[in-house]
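Okay, got some structures for you below.
Below are two complexes that have chain A in common, paired first with chain B and then with chain C.
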Partner chain A sequence: MNGFFSNTGNILFAAVFAIQFLAIVFTGLKNDRRALYYSNFVLLIGLVSGLFVTLSSKLFFALPTGPQNSLLNNWIRLDGLSFYFLFVIQLAAIPTTLYNFSYLRHYMEKKIGIKNFILFYILTIISTQVIVIANQAVFFLVCWEVMSISAYFCMILEKEKEEVQKGSFYYFAASHVVVFILYIFFFLLHHQTGSWFLSDYHLSFEDGAVISTIFILSFIGFGIKAGFMPFHFWLPQAHPVAPTVMSAFLSGVIIKTGIYGIIRTFLFIKPVPEWSGWLVLIVSMISAVFGVWYALAQHDIKKLLAYHSVENIGIIGIGIGIGFIGSANNLPAVEFLGFGGALLHTLNHAIFKSLLFIGSGIVCQNLDTRNIELMGGLVHRAGYIALFFLIGSVAISGIPPLNGFISEFVIFTGFFSIAGELKNYYPILMLIMVVGLAFVGGLAVACFTKVNAIIFLGSERKEVKHFHTTIYDYLSLGIFAALCIAIGFYPAPFVEIVQRVIAASFNIQPSSTLINMDWFYLSAIFGSIVLGIAALLLVKLWHHKKYGSRVSGAWACGYENLSPRMQYTASSFADEINTISGSILLYNKEIDKSEKPFPTPLKFESHSRDFVDRKLAMPAYGFLKSFISKIGIFNQTDIRYYIAFILIIITIYSLIAFLWT
Partner chain B sequence: MDIEIIQGIISLLLLILLAPLFSGVVNKLKAKMTGRIGAPVLQPYYELKRLFRKETINASNSSFISRFSPILNFVAVIIAAAMLPVGFWKPLISFNGDIILFAYILGLARFFQILAAMDIGSSFEGMGAAREVTFALFAEPIFFFTIGSIAFVSGAASLYEIYHSIHLDNISYMVFVVICSISIFMLAVTECSRMPVDDPNTHLELTMIHEVMILDNSGFDLFLYQYSGYIKLFIYTVLEISFFNPFGKESYLVYAGIFIVIAFALAFLLGMAETITSRYRMKNIPQYLLFATAIGILNLLIFTFTQ
Partner chain C sequence: MENVLSILFCLSLFYVSLTLRVKGYIAVLRSQGIILAILLLYPFIYDFSVYGVIIPLTILIIKVFFIPRYINKIILDLDIKRQVEPTIQQMTFLPLVIASMILIFLATHIISLITKIDVIPFASGFSAIVVGIYIMIFRKKLIVHVVGFLIMENGIFLFGTAVASELPMMIELGVLLDVFVVVFLMGIALNKIRSSFEGIEVTQLGRLKD
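Presenting the complex of A and B:
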């Protein structure tokens, strides 16, 4: 067995993490600005070199198998899936970290200490990377805890605000439910296989009950982290209050660890029973449809984007569901399309969601509000930011020629493939799914035309004195936007990566359905769109020269004193769609109807509340709270009672463990 | 060059060049039915020519989006037209899953048209955009249900193969296809802003959907919008005509005859609908669209269970 440092790849790998850990040291610097610049810079070097190591790894030549890919006594193991998620994490983390330079300056101006934030930010990034390569259950759980808790500490940067306390508590509570479920999950796995190593977990089809339990535990545990409905309620509470860098990383990357967990579980228990595929598919479809529908009703830009994460996690889940159904029926072609779509969408969502969050962060910081009803006309202030945000919006709506379309296209093809392979009642069910996904696309278009139009177009609703942007803003948004365009226009290499990942680590029969889709054809079509636009632009220029062009006021039936407040608002834009689903969205409008002879100022408000939060989570929490407060011991303020309580719990756990063995 | 590519180019050119003519025919028939003489059939061409020669005026508050959107709209509609099979000729763009690209590329055009409308910053355009986005949301499922159900029945995934799979061997299949074509017609009415969903000739901004979105466009921009509107109407017409493909199997001449007859029949239907119905209330339009979706679902269910 080769030692740890016998392999150049391993050394490079260790070096990458060493550099990232080194970044922590610099947070100890006295000066905030220096601490930020040095540690962030070192972290960036670590991430960029990490991305290169990941990319130059065997993922792109031959896939790593065998013992040389395990380090530290098999505690760390690199297979295709790990590599892919590592790639996604590092790719998304680099521009996010770049944005840190610009974002945190705002806090430094306000004299808010940021060193702790940087420290925990670095820890979050490192631990997220380690999670996907950890191969030992306890080590995995420890990293999971480090990631959850450091993300929590990042979130409470402005801890004196009440909404921050409330929102971050949602995250904290949800994270701990996840960890608790994962304890049981790994305990069961260990009990079944007698090993602590993830690579040893292979359950055979015979133990049906165990497989079902493990699958359900994993889907709930990792599903809460990923934000599937109905476990999504913490996302729209936590994302708005987190600092933008953290919400971008949380939404773009951290919730993907849930997806990683679900796919990893699939590798333990495959081939899965078919009902599990249907369960994932239906839950995901519900998440996708209602995630985006809730998003449409929001006025808070970050809350809106958080609901879009629910939608996109749903789309990823649909891909996983297709893969599961393929696995249950032993159809490698379907599996490749399903998992391929899911993995591609994971990458795509990490890119465009981070872009949108960072874009919204720049806007929110300059306008000092998250309410989109107060924004407007920013395209005239910051044209490039508007352009980048527009690229992200087109991508997230799944519209060609950008990257969101590519992954949705694979998923659509997956539906067609299931319908073709399995006759019977499958075509009808798949057709319903196709229509559902198309409906999601339509809602996303509604939502992102609304966001773009209200924030960037028209005229300014709130006076902005100076729109402040830095080079880092443009850099980080530019990288993300370039990636959106690159994957959209030239998907072939990315599809090939996904194909290799699945072929190598999913251990299924090779199938070329994914790679043989008409990718170059698609690139050619998108290219011709660009050519057509360029040609028409030239014609337009010529036309303007020959027949003239000018600018004049908009048509307002002859009225001249239009004010920015007379523009169409976000609520009225979305009102027609929201009213249709009012009862599920808990959407209510308050109109002040005072009928007086002379016109008086009127008031109109519209709200939407989360059904799961209001009707399920909060009542459950209230019940738990009142139940616990009835037990006298919890009302004590003396810390010794709590220590005693912890001791008792530990004793009980140890006794159970002792008796079990 | 490959014969298929030449055929594809010819059919695309036909689609682009004949599109205004079809609108002219619809308007002429409509005028006849309401007892007027009506504009000449070639009027849309004259209008395009007139618009092309006009100066372009943009609203003062608008940004690059409203200058860019007409171009994108036109290109997207042409790409969609290039995927459309005319008769038995293979379209210029045809691959597995192109129905998804077809729907989504029209979605791209819509996305930018809505943004361009909102770009003006006027409530008129805002209203139109909000309506467009709502109705488009309910219109998209109709397309996927009808074309998708034919696709799933035949196992094909490109528009060309889907329309090729339509045959006359089976009575229940024929009923199925006929009802699909009704759904597509209802979709065409919505997508091309005809009565009873939208009134293309209304004079009041408050009651418009599509027209109000392009209220502040003129010159070259309006030329592109109008032209892409004509092409879009013709695209949906050809989607409808292609259902009758099996009758024209024998020869090109028969097929051309069928094409013209069906096109006239559809123009007549559109004109008829605009003569005898009034526009629905905005509130009721989603119901109209859901009705079309429901027809699609029922149709597929009945067909599957009678097999």
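Presenting the complex of A and C:
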């Protein structure tokens, strides 16, 4: 045993998971409140100690060399990539679990049973952690299934609502498709290598078309989970109906397991040919551009954030695509930049997306609606929530002082690095990509300007009697916001971590650094930006003191009878940009114009529907449904017919297998 | 010895496809449990080890004593009629079983030419799986479905011993756990169903569909 993974390391590692499993025991308590407090507290202890164990591993101090660390007959194996994702999961899960304390209290007041939710929440968290360290294909699939299904059970907390049933079914169906594809994926891998261990899979594209099939299968299978654009349709349906804790975890962490899968597959089959890089790059660019564009057209805050997940997964995918192109052309520096950007953005997205979901959850719970058009003026009710939400918004838009900028900056540098290394026609193509990514950033700024302005500024559209917040809300949001600021202002240690992960797992020479620049300059520039803003603030205060200030209602430009309806609305803010691509966004407006001499009440509605959902997925499903319902024998309700069908299918399968051999 | 036990196992399958009494089904479950336990215990007569005896003993306790008793208790508690209520004639059911068994034995023989397997245990296990499924398809009573499922589990067990001489610990435990869960779930389901339905027939489960 080398280094950290001596026996002490194993015992510590087992203890972390044992503590987390212990949390399940406490959900058996009779009293809901006690079950919530005890089990969540134990889970928190497990996660925090897990984070410490992960951080104290050799990976974060020095480059691990020598044989890989494995436990339990090689069923669990820890390399750099596993450690990094374990770190991301545990980091994001801690504040989310903290928010659980305040969020579930609301349901307890409504007398909704929450014990099942806590149980499956714990299971989801544990299985997600195990996925990234599993080294045996069947074990991986089992954990994957446990994660998907327990997340589904978390989602149906309010199962009597029809929208919850519909939205969570989308998720359930998508997860099943993923597992089905992954079965084929692992069988092909097993067929090629004759081993069930992930660490034994070393293939190369020269082995023939089957490797391309494996790559495509992994991209589709893990891509559905991650939410790349043609396969994203379950995300905007499932996120709004899930309880906020679950949508934060789903968006922040679970979809990252898809990214983990894609990168893991890359490690099996590297070096990849160039077409795969372009495939990933173009699909990701489509996800990024249209993800944010769809987000702009939404009124439902959680749906909007779900589309932003699609956008950010797209940005991560762009990084992976750059890495693939670098790998195809044997350019370690480009590979470093691409995968570095992707991994860094994975961490950043987990942080700020959880922050935004939890912030929106607090707002939704107090206003009892998810519609942005009914919110407004909340900055006067909950100033700190508004501040935290603003920090998250700035981070997700990729604006300089915060963490979103750092990872996007690395990805931009990757584009320029490809253009510099491979001359030929590459600079033109990369220029197009750069413009695309910049466009995404611009639309994200527009979208979050809309969200912040409509929700927190202006005057109140819906009467809020009492805006209830607890210490846990501020605690979990505060941790996330602090991380956003920390990574933004002092990225050096985090860049260092990513650099070590790539050097350790991807077998790239450690000599090539992520970016040939001193990250201290970045910190200095950001510091001066903040100082500048502070100076302006001082000037403003000084002005107020000298000349005095005048206070009036928001948007009251000299009007007497101020009404909340005179404000800009979310639809009117985004209307112009949505009409540009109305046909793809399926954006339509219904205006009820009155022709009568005397004015009557007018009506205006605008909707945007998902193109893939409405034009591809649903028609396909409808066709399948109508086709099957025409076959009378499939309409039986008796369980014995189902068993007979199973028998027939098994017979057919065994016949095929029999004839095959 | 393995072959003799496997043939006994097959005979019990014939009995189960002929009898009309629920009690006969339970007796078959008991005998199959004993056969499986002896099958697993047999190698340890010459080479005793405590570790290896654990699994056969657990099977003996669970499959021979616990589960049949539990099913008997359900029958007594819920006052279920002692007849199995088949949906097809016994004289049609038996040829079906025999035909499938012949096919399975033939197929197994062909497979055994390619790979190395014990023909008789493998085919008996396979037949038990098929017969278990047949019982579930062609019987009305829910309690009989449980028995069908258990026979299927026994078949999988025998099948497993035929394929690998030494079963991995995880699979063995998994099989036992599966049986446990199913019996308990069905027991609970039966209790609940009685409170809302008149009889305990599978045909009425269709009404649960929304």
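A few comments on the model shown:
Heads up, the rule we're going with is that the second predicted complex is superposed on the first by the 614 of 661 C-alpha atoms of A that agree within 3 Å, B and C clash if a C-alpha of one lies under 4 Å from a C-alpha of the other, contacts with A are read in each partner's own complex, and residues count from 1 in each chain.
Definition applied: contacts are C-beta pairs under 8 Å (C-beta built on N, C-alpha and C of every residue); 3 or more make two chains touch, one makes a residue touch a chain.
Remember, it's a predicted structure, so these values are computed and weren't measured experimentally.
Contact with neither chain B nor chain C is seen for A:F83 once the two complexes are overlaid on the shared chain. Legend: residue contacts after superposition of the two complexes on their common chain; A:I639 is shown touching chain C, with no touch to chain B.
Of the two partner chains placed around the shared chain by superposition, chain B is the only one that A:K540 touches, whereas chain C remains out of contact.
Using the contact criterion defined above for the overlaid structures, shared-chain residue A:F228 touches neither chain B nor chain C, since it reaches no partner. In the superposition on chain A, A:F249 contacts neither chain B nor chain C. For chain A, the partner touching the most residues, choosing from chain B and chain C, is B. Using the contact criterion defined above for the overlaid structures, shared-chain residue A:W196 touches neither chain B nor chain C, since it reaches no partner.
By the touch criterion defined above, A:P400 lies against chain B but remains apart from chain C after alignment on the C-alpha atoms of chain A. Judged by the touch definition given at the top, the superposed model places A:F185 against neither chain B nor chain C. The interface of chain A with chain B does not overlap its interface with chain C at any residue.
Across the interface of their complex, chain C is touched by residues 637-640, 643-644, 646-647, 658, 661 of chain A. Those residues of chain A lying in contact with chain B across their complex are 376-377, 379-380, 383, 386, 390, 394, 397-401, 405, 408-409, 412-413, 416, 419-420, 425, 427-428, 430-431, 434-435, 438-439, 441-443, 445-446, 448-450, 452-454, 456-459, 517-518, 521-522, 525, 528-529, 532-533, 536-537, 539-540, 543-544, 547-557, 562, 564, 566-568, 572-577, 580.
Residues 87, 107, 111, 114, 130, 133, 136-138, 145, 202-203, 205-206, 209 of chain C are the ones that touch chain A when the two sit in their complex. For chain B in complex with chain A, the touching residues are 52-65, 67, 71-72, 74-76, 78-79, 93, 95-97, 100-101, 103-105, 107-108, 110-111, 114-115, 118-127, 129-131, 133-134, 136-137, 140-141, 143-145, 148-149, 151-153, 155, 157, 205, 215-216, 219-220, 224, 282, 286, 300-301, 304.
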